[in-house]
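Heads up, there are several structures right after this.
Below, chain A partners chain B and then partners chain C, in two separate complexes.
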Partner chain A sequence: MTTRMKIYRDLYKDSVSLMQLSAGFAQRDGVERASIVMATETNLRQLEDAGFDPVDGATPNDLIVALIADDTVIDDLFEQADSALKARPAANGGDGPQPLPPSSFEMAIEGQPDANMAVVSVPGPFAAAEAIKALRLGLNVMLFSDNVPPAQELEVKKLARERGLLVMGPDCGTAIINGVPLGFANVVNRGKIGIVAASGTGLQEVSCRISNAGAGISQAIGTGGHDLAAEIGGLSMLTGIEMLIADPQTEVIVLVSKPPSAEVAKGILGAACAGGKPVVVHFLGADAAELKGHNVIVAESLAEAGEKAVAVLRGDAPEPLCLDDLPQAAMRAAERLVPQAQYLRGVFCGGTFCAESQLFALRAGLKVHSNVPVRGAEALNDIWISEGHSIVDLGDDDFTRGRAHPMIDPTLRDERIVSDGTDPLTGVIQFDVVLGYGASMEPIEGLLEALRRVKEARSAPPVFVAHVCGTDLDPQSRHEITAQLQAEGVIAATSNAQASVWASAIAVQCQTAMASA
Partner chain B sequence: MNTLFDSELSAINVGVQSFADNIAAEGAKVSSLTWQPPAGGDADAALTLARLVGDAGIADANQRALERFLSAKPVVVDVSTAGKALPGFTDRRRLLHAGPPILWADMCGPMQGGLAGAAVLEGWAETIDAAMKLVADGEILCEPCHHFDAVAPMAGIISPSMPVWIVEDAGSPDRHRTYSNFNEGLGKVLRFGANSEEVLERLRWMADEVAPAMRAAIEVSGGIELKPLMAQALHMGDEVHNRNTAATGLLMKRLVPSLMRAEIDAGLKSRVLEFIYGNDHFFLNLSMAACKNMLDAASGIDGSTFVTVMARNGVDFGIQMSGTGKQWFRAPANPVDGLYFPGFSAEDAAADLGDSAITETAGVGGFAMASAPAIVKFVGGTPSDATQNSRNMQEITVGTNSAFTLPALNFAPTATGIDAIKVVDRGILPVINTGIAHREAGVGQIGAGITTAPLKCFADALGAFARTRD
Partner chain C sequence: MHFAVSIGYLAQPALPGWSVHSSFDNAVNLCRAGDRQMLALVSERYPDGPSAVRIAAPVGWGRCFQRGQTIALRNGVLCAEGVRDAAIGMRGARIWSRPDLPCGRVIEDAGCRLESLTGLLGQQQAWLMTSAEAEMPDNTDALSALVGMGQGLTPAGDDFLVGYLCLGRVFAAMGDRPRVELNRLAGSLRRRLCRTGDISEHHLRLALDGHFNSALCDLRSAMFQPAANYGSIRLAASDLAAIGASSGRDTLAGVAAAFRRFAAFTVHAYAGVS
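Moving on, here comes the complex of A and B:
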């Protein structure tokens, strides 16, 4: 075995590409460890922990190839890494000089004068600069990058307002524009319902719910989670609302967000109602009272927001979300549990799903812990160890630092399901599977294995409740994935709200049983 | 009103490549940028740049700069000495050198050697050692050639008694003048820091015989317009920086009949012609003065990011930009990707040196490498690299110069007027053909190659430029 690394100065590659590259090398024969990473502080620390020598004078703009492999193959591997890193997209064929591949927006627009959207996912410190360039050149922007300083976010959004352009983000994970999914987004029917959401998985859930109900989406606009903060004032949501009001294809408008401050809410809802189109609003965890005085249709959950929008579109009265009774199979599984197995454990990839599940658990009277506690929940002492009823968002920065989001690489979710599932105190595990573009193409391969391990470890395994967020049009088939989960005994709900209600009900039932035992 | 929803989505992706793949999979139009952190990873500089991109006022100012550049008409009108020709040169003991300003202690070997040689040549010191001490003690002021509207290759030493070419802009009412010294040929020469008696003797002879002969010939000819001559040379295998064979021939074709008519001793004429014919680089200094002349026409335009000077002092690379006037922006010179003469290696090399990057600044030299296949191997490339480089430079310039065309690129006009914004935004660096000097004084040229202008100069220039607009 040889441990060796090589540093490439000032060579930037995006983290997803590098993870794919690392994963490819890790699978080769004779390789014990392969890390191809940017030399960020976190990555350097991880390399040191893995037994590599400390690196002096590397900056986050430098790239490191670090391999532990058999002596016989290591030279070849470094050569292969070198050529993989240096590969450039081929210019159009033919002899003679070729135009360089575009390296900036201005350069790309020269060859693509009809460009109207920039999709920006560069590292946070550089993201605002790219967005500003795109806006100054007349492009709308989807800004996927996070860690953009608030002052820069404000500058970007003010510039967009000035120029009459839309900026989605920073930290906007998903959007569907003119029927095209951007970032993490599902393939949904086109239709007449327009969404503006300050929550990525919230937007996914609402758009899927609408599509699965047979209606469709005109436009789905993400704003990033920080847009409705007082310092930003919901500038992106405001633009999104104005554009949907002006859009003849949009007949119903849905707004999704965490509860904003009263002042921001007033501005947003005022603008939304001014358009004369019906507006369905879901502010996660808001009191209905907070929305009083506005002529809007209030939804109590993501799924309900989708259903109410469809009802309004069809001219029906908007009804509360119709929830099914706990399925018999779940009841039977819960009855088999030993008395101390009483806790709800929520293991989520989608941040909004995690929040929604906490809200339902609190409503059911459970005492909830989380790494991202909603109002009324408590913070976990150690995010890696569940205590009592614990509902965690594995997509939060504390978990993803230095690694891929669990929607891209669900390994973290699968590991957590094993550790929570084998905990004898766990009575029910709720989780989400998010499909669509951007998400893992094999979202449950490791998950099925994790479920089997839990079931082998315990004579009376916990009840598994899951929600698959997606559509049958997605590149991963929702139908097939749901069937595979059910075959492993998972209780599948059609919405996260439904899954949360069931999971909480089981936990309440376990607690009652234990109290009476 | 935003027309996004009424149009087909046409996206440009930067960052995670799979986002673009997904957009394409859904049948929408998308391209991806080969993005690198701008300005060498300086986030503040990236923001400064972003706020300048797409500015109509800057684009206008740059167009004006380009028009002035293109309408300049450099004509070599006279030969004189630096002391007589350069305004304000002799108010004290002063020597000129290449590149941006630099302290004596920081200078590379060839520059120190050249300055000391020039001090002895002027009679300010008896010996080289004494001369070195004089300069080190500040008794002689050393300044950049550019501060006197002059340019000179390699160490770029100009002293009061040295002959200079006088190039005048016949296209402007003030007939702006620029200057360059005379090319000494190859081997042991002052511009590589050699300062032996043999070197100084040749310099004295050039002042005594070559300069008067050229002065007489130019007087008889009535002045020679340089742009048409350079344009023709570009069609004859020169890029008028590292290859001047055709241009030197064309110059002499114009000068010899006049020289023959001049009332000068026949023996002198023959010695001078023999010297010039033995030096294929004789035209280089005129090429540089002509480039400087055209670029000066484009300088000092408010709001312009047009680069007017690129020059190296053997340690730092420096640039000036039209909108920031005579202010230098400097950074350590980038290494040269080059071939070395047998027995020499990169360890022996001085950092990039000389004012001759003024040719690239004016859109020739490395920018016109497609014209000079004969020297592509000399600078370590292939003919296709050369044409590709000339093509690439079109990505970072304000426009093109239809007076200079490149046969290998189907007579495309040369990329002209480096735009600092495009350089930093696109991360494409100006290419420069260059000779490599030995780091010790007097050894001479040890190789040649291609280098680039350091990005930091351009990023810093934009930083200063942005501050003037706040």
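Moving on, here comes the complex of A and C:
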């Protein structure tokens, strides 16, 4: 090892450059110590303590490079220090010191001055502060973080409105901006339909449906599930709508959300219709009659929203979603069930799919329990144990605290399918498989094993009904996954609405059989 | 030509004799040989400063300036000698005034307010804070030893001391003991100013005279709001922490250290501070 220092007289370099150099040198093989500091008395004394020779004649305005390194590399390192300190900092690359990763939005913008969006994913209590910083720098924001207090959400969104910027979130996990999927999003065709959704898997279902029908997405904007609450007033959805109206690539607009309050709905629908572009609306669980006063096309399911948007784009009349009858295979499987096997068990990774399935089950006359009950459903006494017809969202915070979301790690879903499937009272199990970026690359590896375990445990296993949300362009093959599920006897539907109608129909059929037994 | 958006209350660009001391991508320091005054020209995304002029200009504008160039204000335009791209229009810029020193007051949730800062600090800042707690009850020597210490154009120790002095001034107005301790520290620091670089010395000297940038003042104000608003504290803290490579966080550590130290013995009603 050789110990050596070099002094650069009256040289001023910004701290980022100095730390880039230090960090880059320290990571090199053969380097024991690398210090690049201003030659202050205190720093020089510390260098002496570290084994460097005393320095005479240096002033605090000088820069000092001090290295303890192998003989074989030290000359090379000083040459690199020379070129880095005497020239403007070079772009990243080569064997020399590497730049520090940006630790602030300012640093990131310096590296990418054209960037106009920041993704914020920090613990909830700090998220609003980061979002406000990004907005002040003129950046749109995707706020992935959850647990942001409503007052802070409102503050962030008001600031964004003042500055003409978009905030997607808090708790926004899905968006497709300029063709780039952000968070949990699918690979879809680019096209002329723009979506604004306060629902992650709702956005995925609609965008996949559109893409699978041969049309495409201009922009898919998430707002976070709380945006249309009365206290927030749908500020992000309003901005999203205005952006889609102004976007020349967008010809049809689709809005997806849980039902907002009447006042918020009025503002949202008024803004959407003002743009003169056709607007398809699906507010889950909303009374369709209430929406018909507005000049919008009302859809009664996620899939129908996608279908109607495509029809309008093509100049066709928007028709209700065509739902197929229960397949013969499902009817035969249901007929084999023992009489007490009468309950529907829904096991979902996607929260919106869970809500939509509950709505269809309620419409079929079933008494539904859930960990996230929609209006008309009841709360489960214990979210870990199904009772009666139970439809659970395993992506809810109560299930994901301290573990990955089931779209990332489906173990929780697979375990729930085993526990529900081996319950002799279960007649039908409905579940979802969500594909795309961010989701598990092996989404059914454990699921197939779970299905086999259930079938082994029951002489007449429950009917399995599933929907695979995705496209054939996704990193996981939708076509192959669907085929593998079908090979295990799963009845595969082309939409969550279709799967829900089938699952509810089987449960009703089982109940009827039980009553007549 | 670029344009100034704000001018600090101590900045005097109209004085003769300015020359470029040092230049960076987004900041240029000017100095006057006669009285060693300094004036900073910075991008508008930096906070206001007492001796700073904030400028609306694209990234990299500071490259137009070279060390030693003469700078002069003529007809409302600050010009570097012989460099057309380095002209800065000063007319219409607002004057950034010195914010009031917040009133010191009994804060019962001091621990929570402190926690709003410490989540943003790293290992280096934790070490700096430890050195401030040394040698209770008098930490003058330990703090003075931080002058010129550490990495960065403005060494980490100097940044820390600026934050410490900023918060310390509020407590100094509240009681004798903090005032005595702060005065002793200020005297010691003034004697050691020559031990650090020109730029850092300038900032430390301003801090000793009670002048701080807007990010620090905003945080100080948020820390002493009568009703707790931890969101505002975190926002102000993260604004400060975002300055430079680690300067902002080092300064924030100084704020936290002063708050912890003085809150502990200024008012007994300060609960939750250990």
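Points to keep in mind about this one:
Definition applied: the second predicted complex is superposed on the first by the 417 of 517 C-alpha atoms of A that agree within 3 Å, B and C clash if a C-alpha of one lies under 4 Å from a C-alpha of the other, contacts with A are read in each partner's own complex, and residues count from 1 in each chain.
The rule is short, and it goes like this: a contact is a pair of C-beta atoms (placed from the backbone, for glycine too) under 8 Å apart; a residue touches a chain by one contact, two chains touch by 3 or more.
Small disclaimer: the values here were computed from a predicted structure and weren't measured.
In the superposition on chain A, A:54 makes contact with neither chain B nor chain C.
Look at A:112: by the touch rule set out above, it reaches chain B but stays clear of chain C. By the touch criterion stated above, A:126 is placed in contact with chain B and with chain C alike.
In the superposition on chain A, A:276 contacts neither chain B nor chain C. Judged by the touch definition given at the top, the superposed model places A:315 against neither chain B nor chain C. Looking at the shared chain after the overlay, A:104 reaches both chain B and chain C.
When the two complexes are overlaid on their common chain A, residue A:19 makes contact with chain C while staying clear of chain B. In the superposed pair of complexes, A:152 makes contact with chain B and with chain C alike. Contacts of chain A with chain B, set against its contacts with chain C after fitting on chain A, overlap at residues 10, 12, 14, 16, 60-61, 88, 100, 103-107, 109, 125-126, 128-130, 132-133, 137, 152.
Chain C meets chain A in the complex at residues 21-22, 24-27, 29, 45, 58-59, 63, 67, 119-120, 145-155, 157, 194-201, 230-231, 234-235, 237-239, 241-242, 244-247.
Taken together, the chain A residues at the contact with chain C in this complex read 10, 12-16, 18-19, 22, 35-38, 40-43, 46, 60-61, 88, 100, 103-107, 109-110, 113, 125-126, 128-130, 132-133, 137, 149, 151-152, 155. Those residues of chain B that touch chain A in the shared complex are 1-5, 7-20, 22-23, 25-26, 28-38, 40-41, 43, 46-47, 49-51, 53-55, 370, 384, 387-388, 390-392, 395, 409, 422, 425-428.
Chain A meets chain B in the complex at residues 10-12, 14, 16-17, 59-61, 88-89, 96-109, 111-112, 114-123, 125-126, 128-130, 132-134, 136-140, 144-145, 152, 164-166, 177-183, 187, 218-219, 243, 246-247, 249, 437-438, 475.
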